[in-house]
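A short write-up of the structure that comes next.
For reference, chains read A, B and C in written order, and residue numbers begin at 1 within each chain.
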Amino acid sequence: MSEAPEEAVPHDDMVPERTPDEVERALEATLFASEEPLSVDALGMHLGGLDNGSVRAGLSALVQHYSDRGVRLVERGKRWHFETAPDLAHLLRREREQVRRLSRAATEVLAIIAYHEPVSRAEIESIRGVQTAKGTLDVLLEAGWIKLAGRREVPGRPVIYATTPEFLDHFGLASRRDLPGIDELRAAGLLDPVDEALEDAMAASAQPDEEPDCESDPDNEWPDEDD
Amino acid sequence: MSEAPEEAVPHDDMVPERTPDEVERALEATLFASEEPLSVDALGMHLGGLDNGSVRAGLSALVQHYSDRGVRLVERGKRWHFETAPDLAHLLRREREQVRRLSRAATEVLAIIAYHEPVSRAEIESIRGVQTAKGTLDVLLEAGWIKLAGRREVPGRPVIYATTPEFLDHFGLASRRDLPGIDELRAAGLLDPVDEALEDAMAASAQPDEEPDCESDPDNEWPDEDD
Amino acid sequence: MNENSEELPSQDLSPEDLSAKSGFMLDGENANREEPGAGGWDEEVPNPAHQGSDKLYLALDGWEGPLDLLLDLARRQKVDLRQISILALVDQYLTYIERAADLKLELAADYLVMAAWLAYLKSALLLPKKEQEDPSPEELALRLQLRLQRLGAMREAAARLMARDRIGRDIFLRGAPEGLRIDRKTLWKSDAYSLIQAYGQVKARTAPRIYHVADRPVMTLDSALDRVSAMLGVSLEWMDIREFLPPHANAELRKSALASSFVAALELARTGRAEIAQDGAFAPLRIRRLQEGSRA
């Protein structure tokens, strides 16, 4: 949705309502009818070879048009679909508990994969400190949220895992950059392996005056709050 | 949709766009997410016991809002649902047309039917001197050039085939009597034996895509779409 | 608490196990306990019943290993994970484990391994630092802290992820999409000429056939004998065999005539009426009439 409102649609409350043009109507009809999210390319082809620029312009107009309505048009992993507005969840949720609940282990593994991808099972386990039960990855694979993403070219060539467009879709993320807090985690070095962070921290504590970055310096990090 | 614009929405091209009210948004989302059309009563219940009058007013506003868009809100048998605008229905069911030349075998069968109709499959085979694949007749039926013309009242009551008006049309014939007789064929040299293998080879090299097995043309996925 | 229906595995610990497993926290590479439950669907709320130390004996099963327990204890310090006191954390953990032992709960081995390792870490941290050990206890403590931070970050991220508006729970897609369909349709094409020609071919192929064998231009041996004998009578000189061939014959007939004339010449030679000479391979073949009796 990032590139959405390039069109010069004023952001007033009372917008002069344009009659939707034919591209817009065709995109609207196609996206309403589609059983799955559609990429710009797929939309263009479906609309008789419409160029991507026109498709994007039409999508932007539609995003704008639907921005205050009960359904909205969103981009998830480069694919577009209509969905209900989040603030109406309370109306729709009833008798609709379709989402199976994930175990805590599975949610943690999913988060680790999403924030670190691609990542091997050993790497997941080194973060969690426990072995991953057989079923945990299976459940995520079956849900279609993670996929095998090849092998890491290190001894043993372990399989590595990554998330899928369906994952982004389900959790309402336009892309992995939208993962909650990912920028902060990265900035704090919390997505780096322990060994790396340890080296940095040791180096920092060796020359304490050079780096006032005290994020992970044990010496000045253990204040007496606890006693 | 008659009582819709209580809120004084002019019918100009440039309509001041109302911010949809909550009932309207809730109806929109509920109808969008519903797996089946919903009655006014059902909608009222979904919306926390909203009275029918308010539901109807909201529906009217939605009908009005969607009247010029790619999807419309319609009532069918007292139940409401969204559907594609009728002028865009073709988008949902796109046909990709591929032009193929009739295979040699199919042309022979068609010619035999044209000259001898009505004729059974066994008769076709005895005239051709070779067995006829089931698919050959199917192709001719699909092309609309032959039709089932009843059954022959002989043991086994075999189906008999005849040509159609579309056949005459496609081949530019006013009637079957326009087909040249045997004597004319002979005079034109068309009864001279030819080296069929050689002819096939010539034909194949002249039109490499003329394949008797027609199912296999995967690469023109989106052929002449853009015109 | 849905996951703690399973009993903790009870394990006998040998000293070797202890020493082997105590390495786990040091290098962080090996995990040594399977998480409880099959890891499938069901409970997605954050760690249950972790408040109140009186719930200890119930809650122990709910943790996914000692690191998880440590993290939870660290959280109770209610400070940033970067600010936690490792010493305080160690004490809390050891107290926990002791109380579990008092309650005669069977503890999984890795909890005990962690307890032993933490006890070692504590004593190392408290001892006056004389000799430089490698790694230093401070480094070990830092490593533990870094690991807890990372696990904590991921636990929080998971919770935030799960709390998002999710499709099928908070957000809904179109309930009854019409679906997009692409029908392939073949337009068949042919023309009248192909049709008529095809019929012609059928008729031609199945019509009764009459076979004509064409007269091929040949010279029979008999006629060649007559011809060569007659021509030999004209002269007593050597003659090239090619002079015996019909002068205006086409190539096909000439071939046949040459072959027949050659055989005729052999026959005449055999019966003593002619002689044949050739100067070398592929040289002109010459024939001459033999005088009656001259050969003998």
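We adopt the following convention: a contact is a pair of C-beta atoms (placed from the backbone, for glycine too) under 8 Å apart; a residue touches a chain by one contact, two chains touch by 3 or more.
Everything numeric here is computed off the predicted structure, so don't read it as measured data.
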Chain with Cα centroid nearest the overall Cα mean is chain C
Pair with more cross-chain C-beta pairs in contact, given B-C and A-C: A-C
I'd like to verify one number: the distance from the centre of chain B to the centre of chain C, where each centre is the average of its C-alpha atoms, in whole angstrom. 38
Whole-angstrom distance, CA centroid of chain A to CA centroid of chain C, is 30
Can you pull out the residues of chain A that are in contact with at least two other chains? 30, 32-33, 46, 82, 84, 92
Overlap residues in chain C, where contacts from two or more other chains coincide: 172-174, 178-180
Tell me, which parts of chain C touch chain A in their complex? 3, 28-35, 37-47, 64-68, 77, 79, 82-86, 88, 138-139, 141-143, 145-147, 149-151, 153-162, 164-174, 177-180
State the interface residues of chain A toward chain C in the complex, per the touch definition above. 30, 32-35, 46, 81-84, 86, 89, 92-93, 96-112, 114-115, 122, 125-137, 139, 169-173, 179-182, 185, 188, 190-191, 194-195, 197-198, 201-202, 215-216, 218-219, 221-223, 225-227
Of chain C, residues touching chain B in the complex: 172-176, 178-192, 194-207, 209
In the complex, chain A touches chain B at residues 13-20, 24-30, 32-33, 45-49, 68-71, 82, 84-85, 88, 91-92, 94
